[in-house]
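In the two assemblies presented below, chain A is common to both, partnered first by chain B and then by chain C.
Showing the complex of A and B:
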């Protein structure tokens, strides 16, 4: 049995760590390329959102790379819109095309039921071990997110930007290899040590902005065309509102984290929106209002997918927020038709606007 | 000798060139690209050389959607996006401008300006209905020259509603109205109004349009569009003198403001040289990037279009 995962940016490394802890063999997912999206576009319903198309393509790539089981995340968070659809849809479509595979879903159910599912692939798994494995996965996810933020916030200061990309690569490698919590801590220390060797100019004053939007576009660098990198290269400090680990903490009911820690977002969002429409929409609004009230950011970039209803509604709310707080807003709609020049021109102009 | 600066705006439809010196605009030209961007640029350079024989350029800025290609050919000092260039140009001519409506060949944008600097902007997102190339197409279909399109609209007395939400739907609606026996000028007027409505609902959605309003870009030549804007917004619309080369003028002004010490400009003589653009598919990874190879006579100049940065 060979297990693989779709990318979701760098999050797959955490899933890989979890699956390895269960004692299963894993296959690294191949890089997303144009072929991935082409396959996805060809075989998915025309009006499906871009993430669906990407993920459908990715599943095919995984199966071609030799995997026979796909590990994916389900959701039990109330606002999840289509994450469950990411499996059932592609599985049906791929089944019709003659691809056969098994799946393991993480999340979406009570722990007891999940344990039953996981026992099928890893016999003799106890509840205690299962909880530990999940906790390890989430902690690893935290480390990955820490690294992403760390590099993103170093990049505007760095003199040689290429060094930051190298740091990201080696950092991910170190985290990938660390299979216990002490090793993760060691990896973090090593990354910090490596970062100190990068020459940077701390007198620069990068402009802080918040990048909000839907889960896939924020996480997947291929889908957002490396927007965090581009912003960092022109002296912008990009913060993001969405973290996958939050989502697990909220919906997974694992460990000490519950829903309480996210109540503040509801409070801040209440002026604009009271109920969630889909994944992360209310949270994004809450986070944006909070950051703006604390005067932390000077601009908002909203990424969303063409044909994504919840984000289209959200784009209107963001317009109102931008007006109320008098900050510039850039809405970037994307679909599979998007060209690089299209997005670059808008980002460039937005940066010019911020710098004035 | 005056210090002169060159601005080049190569877009989807037109190639605009402007020369600016300390006194103001010395030269401005608008030419249609018709699918041959590099040749058009060279022809334009020849014209400048003829008109201004002892011109010496001390800075170049490129803008427009083909700015990276042009920058490699002419040796640009600055590369700027269209929005900043247009705003810079317009502020130079109309210093108190608040709203810039720009409709070009493939894109349309609205730029809000306050005290001479951009405060907000929006560009058309996924649809190019209502831009210059669509009007071009319709003019050909109705058997008119693009330049006369607007005058025809002004003759109309009636208001025919055309659905302008989408280029394809608009076209079928025009055909429908034609079959129903409406006059040509009424249909054209209706089309102009539909495009303006589409622009205001789509691009300018939620933006506060304040006077003075400037309309520019190639489409500003169309008097029907200007009238439709005035009717719908109930505001006075200014169409500046250099409405169609504003991007190039803005670019030249940006070059001027950048205080370039030594220009990288390769001279107007590049008009006589032969540029070859070759494209091939890189087969090293499944991304299959289309790489554009630009060479001057037999010398290699630049590669464009790689995703991974291998060809830089």
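Showing the complex of A and C:
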């Protein structure tokens, strides 16, 4: 059995670590190319959102690369976005095209049911070990997110921006290789050591902004066209509101952490919206209101996909928030026809507005 | 007297009779918005966000029509059946409208689709308006259930008539109630079919429940409305009298497309016509498609 996973930015490294801990063979997902998206666009229904098209294309790539089982993230029914249905849809479409494969889903269910699913691929798995494996996965996810934030917040100060990209690459390699928690801590130390060698100018004052939006566009660098990198290169400090590990802390029901942070965000959001929608959309509103009230950020960038339901609701709400707090807002909607130049021009104009 | 307006669109199409009777029994003036017209749709499209689903655009039009006529507009936040949810637009509808038009006076609360949750939600809303007498509330809700049952009975009795037997082709209409009950969205579909000697049956009250267990059929969808539609679709497939199925959905409806991919393209024993409704529709366009569809049905019947 060869297990593989779709990218979801760098999150696949954590999934890989988890699957390896279960004692299964893994295949690294091939890089996303233009062909991946083209395949997805060709075979998916027209009003499907961009993630569906990406994921469909990626599944094909994974199966071509030799995998026969796909490990993917699942959400609870409470989260009404369409992403939880995105396994059954591609499976029907790929089945029609002659591809056959098994799946493992992580999340969305009670621990006991999840354990039964995982026992099918790894017989003799005990509850204790299963919890440890999940804990390791979440911690690894947390380290990856830490690294992304660390590099993003270093980039505006760095003099040679290329060095930051190198740091990101070596850092991810180090985290990928670390298969235990002490090794992860060692990797973090090493990354910090490497970061100190990068020449930086701490007298600069980068403008802080908040990047909010749907999970896929924030996590997947191919889909958001490396927006965090671009912003860092022009002297903007991008913060983000969505972290996948937060979601698993709450949805995975593994530990007590994380719940509190969701509660206060909901409290801040309640003035604008107070009903469950999907994957941290409500929390994103809460985060934005909190950051604006404390005067921590000076602008908002809202990323979302064409036909993404919860984010369309959110786009209306962000417009109102931007009006109330009098801050600039850039809504970047993308479909499969999005080009690099299109996004670049809009970001440039937005940055000019911020710097005035 | 306090005037309450109920938009006759979206979830109002399912429950407007119930809500109307409930508030009238409590002594409020209730104003229903008029049937959907071209002007309402244009107004809704003009004032709402471009990407939103067409059903919500119609809803916005109805809200704007009621705006100056009433004191409160009743827009509840609906939340499906016990294990199922609605699409994010319906769940966040009052917040969406509130952020679009901050000046509107809304009457909101959380309502569930099954009766105990609905009752509890309605009681809380009535208490907000100052009606705290428990007995009064109980009698009002009883009258409201009665009105709802009455409506259902009328619907069922009107279907099995002479016309049904006479018609050569029987076509089932599958769709959410906020489209199939709306005459504007249907685009004179019954009339067009009548010309072709066919009759349209709205599947909203199925003659018999399908024997398919939801879970064994493999379509355990998370959205209440779409689950309903899948059941209706299988009802239509199993019902021998039905010759063809028209599946109607609002443009850019989120969950519908998955249903279309997984169910309609897989179970194609009977001819299916998929219609997308949006603001730029006209009768001629539909007419050509209906004629072609009837030809297919004819061919299959022979």
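As a convention for this text, the second predicted complex is superposed on the first by the 350 of 356 C-alpha atoms of A that agree within 3 Å, B and C clash if a C-alpha of one lies under 4 Å from a C-alpha of the other, contacts with A are read in each partner's own complex, and residues count from 1 in each chain.
Rule of thumb we're sticking to: contacts are C-beta pairs under 8 Å (C-beta built on N, C-alpha and C of every residue); 3 or more make two chains touch, one makes a residue touch a chain.
Computed from a prediction, not measured in an experiment: that's the story for all the values here.
After overlaying the two complexes on the shared chain, residue contacts for A:341 are found with chain B alone; chain C is out of touch.
Shared-chain residue A:93: touches chain C; no touch with chain B. Judged by the touch definition given at the top, the superposed model places A:349 against chain B, while chain C stays out of reach. Legend: residue contacts after superposition of the two complexes on their common chain; A:306 is shown touching both chain B and chain C.
Of the two partner chains placed by the overlay, only chain C lies in contact with A:45; chain B stays clear of it. Applying the stated contact rule after C-alpha superposition, one finds that A:127 touches neither chain B nor chain C.
Using the contact criterion defined above for the overlaid structures, shared-chain residue A:317 touches chain C, although it does not reach chain B.
Measured by the number of chain A residues touched, the leading partner among chain B and chain C is C.
When both complexes are overlaid on chain A, the residue A:333 reaches chain B and chain C alike. Of the two partner chains, chain B is the only one that A:31 touches; chain C does not reach it.
Shared contact residues on chain A (touching chain B in one structure, chain C in the other): 306, 316, 319, 333.
In the complex of the two chains, the chain C residues touching chain A come out as 49, 51-53, 77, 79, 83-89, 91-92, 95-96, 99-100, 102, 110, 221-223, 252-255, 257-258, 260-262, 266. Looking at the complex, you find that chain A touches chain B at residues 31, 33-36, 306, 316, 319, 323, 328-329, 331, 333, 335, 337, 341, 345-346, 348-350, 352-353, 356.
Touching chain C in their complex are the following residues of chain A: 44-48, 77-78, 80-82, 84-85, 88-89, 92-93, 272-278, 281, 306-307, 309-310, 312-313, 315-317, 319-320, 333.
Against chain A, in their complex, chain B makes its touches with residues 65, 80-84, 117-123, 125-126, 206, 285-288.
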